[in-house]
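Next come two complexes, and both contain chain A; in the first it sits with chain B, in the second with chain C.
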Partner chain A sequence: MRLSIILLLCAAPVLAAPPTKTVDVVAAPPIATAPDAGLDPDVAARLDAAERAVAAATRAELDALIDRVLIVYESDDPFSQAQRDAARPRSLALLKAIGERARAMGELTIAARAFDARWTLAGGQRDHELAQVLTTWAERDAQAAPARALYLARRARSADPSASRAAELDDDLSRNHRVWPGRLAIIAGIVALVAGVYARNQVGAIESDLAAQARPGADVERMLGERDRYDALGTGLLVAAPVLSIGGMLFIWSGKPSYAPTSPAELPAMGTP
Partner chain B sequence: MIRYLVLFALGGCVAKSIDELGIACTADADCPREAWCDMRYRDNMVCHSFEQSSPPHIVFDGFAFGQQVVPTISVPTKTVSIHTLRLRNDGGSEADVTVDVAGPPCLDAASLTRSDGETVDAGDELDADFDVYPAVGCPSPATLAITATANKRVFTFSAMISIAP
Partner chain C sequence: MKLGFALIVVATSTSCLAASGSLMAGPTLALFYPPGGVPKDKSAVGDEAKARLAARPHKALAVATRDALDAAAAAPQDSRLQRRAAAMVRALVRDADARAQLADVTTQTTRLLERLVATAPCPGLADAAATWAALDQPARAGDAYVQAARRCESVDAAIASVGPLRSVERCDDALATLRAAWPRAQGKQGIAVLDGVARCSDEISLRRNLSFAPADVVEDYFALLAERAAQAEAAERRAEQYRREEAVRAASSRCESECSSAESSCISSCRGDSPCGDRCSALYHSCRSGC
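Here is the complex of A and B:
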């Protein structure tokens, strides 16, 4: 019983408290955090202004518009918190409009930020548009910044698990592309070793045959020529064998992705609300 | 493992020489062009390269007479006398040399060297004794046929001797 009480006391501050209806002020009546119905006029005015500005906004203005929409969700004061649910439908629509406008302008980063924020606000429901934008961004940065591209591809898969291109990118950036060439080199090294040992055995067999039985000089010359060919071949293969095998191992080792998924500064657009 | 492989491979780079191979032979014709057949030991006749050695080669210098070597000698008739042939191995390897001396029927000549051969190093000389007994009426000068066999290689010479009455 005592333990249960202690656990409840410890957990109490952690549990998300619902927005308070009023804010107590010393020596004054309590202040309501939100009107009884609808949005606070200030918030509504800010969203109205943002909606009007979207269509003609420049790149920098679009970025600022996202900040203006998200301010309600990023501020911890009771007044902002009290507005979040009421403002959510208009915020989602506005973020969608900003994202589409940015995408049309070719501003991938801003579009991704807007769609990413919308996805987070919507509770992580499947978002095909976000996945598309993130995938495009990942494709663009795959060569120059694979760590970032890997993050973008994985986030795109989170936004839309059916996004096949994002899955391909994730797989491509996560995988060691040198495994099979390296394995082939190792196998070639083993084959070279076996063939080299065989050739060297042939050299020994010819030498033993020459020592065992006298034969005409022409035959001896022919056998010596054959022996020299096997000797050169065997020696070459035995030198090549460790070079190929070790080279293959090093090639595989060098192909291991040396990066971890790294988020760009713009993402995630916001923390979990 | 890798170290042994590399050593093995490098060992293969240095191909065995003809002398190391021990190619079996019964005559020079059984050897590669750049080699000769060493027939000294019947159970181990192998090819050797000319780069390392050369076969024995016997030459006849003349008759040893005191401190000198002379091309001919005079032998008494109806008397056994012993003389010396001066042979030389100017080849490039040691040889077991047997000598055979023969004359016309009226001249009884025979080698006194060991039947199993005298060992002669490369560049050394061999003084081979022989005896001779000319019968009465044997024409003079007479021709001696000398056969030297060195490691189964046969060298033949002839020398004139005069028969004193």
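Here is the complex of A and C:
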């Protein structure tokens, strides 16, 4: 439920109140928050510069380019808010280009940021590329940072619910892997207990039988040997039974994932615009 | 003999079964114990991501403002861009974190406002005044409002000049501006002008400072001031009455609570003695009636 809310907030399209059309100034006419057509020159210049730079950008430059593209969505001033819709198509195309370039360079984190921002700006529509990048990142970090990997896998599933590898990773990282070995140990403990009780019963039966009637010495020796074997076996099984059962329970308990899915520093790429 | 032996075997077996059954209960229950995976609906944004997301709007506003200032400098004839940059500076100033990232904002803004006033004094002066006020430069803000009132014949600018000029003890300039604006004041602007005069006056100087207005208007204004004072006094009385009632209610509640706790400790010291308990209850009622 909490994840749904977070994802909804992060992926929500611009559902907030519509931007104001003017800014009031005391003793002066109001200022229009957006130009009559297109974008303000500085907003357009930011996008132009990013478009020119993306093809030859280095890793650090790509990261900075994402920040530049997102300024109009992250700044709370009414002029930026008023131009978000007009800037969106170019921003989405730019984020896609940045993501693809980063992916080609092997920069998973930057690619994920770019695609994640694009997904958020696009209103949470299915994004196969984002899911792929997040899944690759999750696979890479699954051993070293399972909490992060689980977050990435779940976000990948949200971006593309049909992403089977992300679903597998999510299930794998969410699951207690020691359940079945632990349960087998518990079952073994139960079997050992039953067998131990049976063996101890046999000991009592042999002793009763010996006490009930006189037998030849050889028979008595054989029966006493048999009783000793049952006795050793029963005692061993009765000792092993709780060890196995409790061990199995502890094994299951120790296998509970001790982490909660937590985002890396880079994601979500942006808050609700 | 054989019957006795059979009974012993049956009893032993039954007790063994019962013992083993009870021993098996724990492990059997453990088999059905939930395996304890990570809940499907659980996910959180990490602390570093939270910090980044919290910092981004401030950084973005700083960059957007700097870009807006640059765009305004590049197109000096575009008065909307100049006014927009000034408005963004005002937004930036309200955000301390964003302002800290734009160290030279005052220098850039000074150039912007000079350009804006030069190219479009009306409404540029009002924008400049609002921006100087936001930048905590009340003298410059007051000057710009005074100029806006004169050059743009703006009554609102004259009214707005009072705040900054009063804060730098230049009420004479504000009064002169208001006096000059008075003939153009329409509707509620008239009362606002007179209120401006009142803010820059004391009980003795008010009538003299209002001398530019017709006598009947001044009398009506004094009646309005008296009515406002009466309303404020009534509101203050109501608030005081409410505070007193709240205090009485709180004291009464505290008193009752103390009576109740005294009764409890009295009853517990009685150790079940009925007459003693009755005396405690009587004491409680007597205590409570005093609250």
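In this text, the second predicted complex is superposed on the first by the 250 of 273 C-alpha atoms of A that agree within 3 Å, B and C clash if a C-alpha of one lies under 4 Å from a C-alpha of the other, contacts with A are read in each partner's own complex, and residues count from 1 in each chain.
Assume a residue touches a chain if its C-beta (ideal position, glycine included) is under 8 Å from a C-beta of that chain, and two chains touch if they have at least 3 such contacts.
Since we're looking at a predicted model, the values are computed, not measured.
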With the two complexes superposed on chain A, say which partner A:248 touches: chain B (first), chain C (second), both, or neither.
second
Does chain B (first) or chain C (second) touch A:234, or do both, or does neither?
first
Winner on chain A touched-residue count between chain B and chain C: chain C
Of the two partner chains, chain B (first) and chain C (second), which one does A:85 touch, if any: first, second, both, or neither?
neither
Is A:200 touching the first partner chain B, the second partner chain C, both, or neither of them?
both
Applying the touch criterion given at the start, work out whether A:215 contacts chain B, chain C, both or neither, answering first, second, both or neither.
first
In the superposed arrangement, which partner chain does A:226 touch: chain B (first), chain C (second), both, or neither?
neither
Please indicate which partner A:168 is in contact with in the superposed arrangement: first for chain B, second for chain C, both, or neither.
neither
If you lay the two complexes on top of each other, which residues of chain A touch chain B in one and chain C in the other?
193, 200, 212, 241-242
Give every residue of chain B touching chain A within the complex, in rising order.
2, 5-6, 8-9, 12-13, 15-16, 21-26, 29-33, 45-47
Residue set of chain A touching chain B in the complex reads 193, 196, 200, 203, 207, 210-217, 220-221, 224, 228, 231, 234-235, 238-239, 241-242, 246
What residues of chain A sit close enough to touch chain C in their complex?
1-4, 6-7, 23, 25-29, 31-32, 35, 40-43, 45-46, 67-68, 70-80, 148, 150-151, 154, 173-176, 179, 183, 186-187, 189-190, 193-194, 197, 200-201, 204-205, 208, 212, 241-242, 245, 248-249, 252-253, 255-257, 259-268, 270-271
For a test of understanding, state which residues of chain C touch chain A in their complex under the given definition.
5, 8-9, 12-13, 16-17, 19-20, 23-24, 26-28, 30-31, 33, 35-38, 40-46, 48-49, 52-53, 56-57, 59-61, 63-65, 67-68, 70-71, 74-75, 80-81, 83-84, 87-88, 91-92, 122-123, 126-127, 129-130, 145, 148-149, 152, 154, 156-157, 159-160
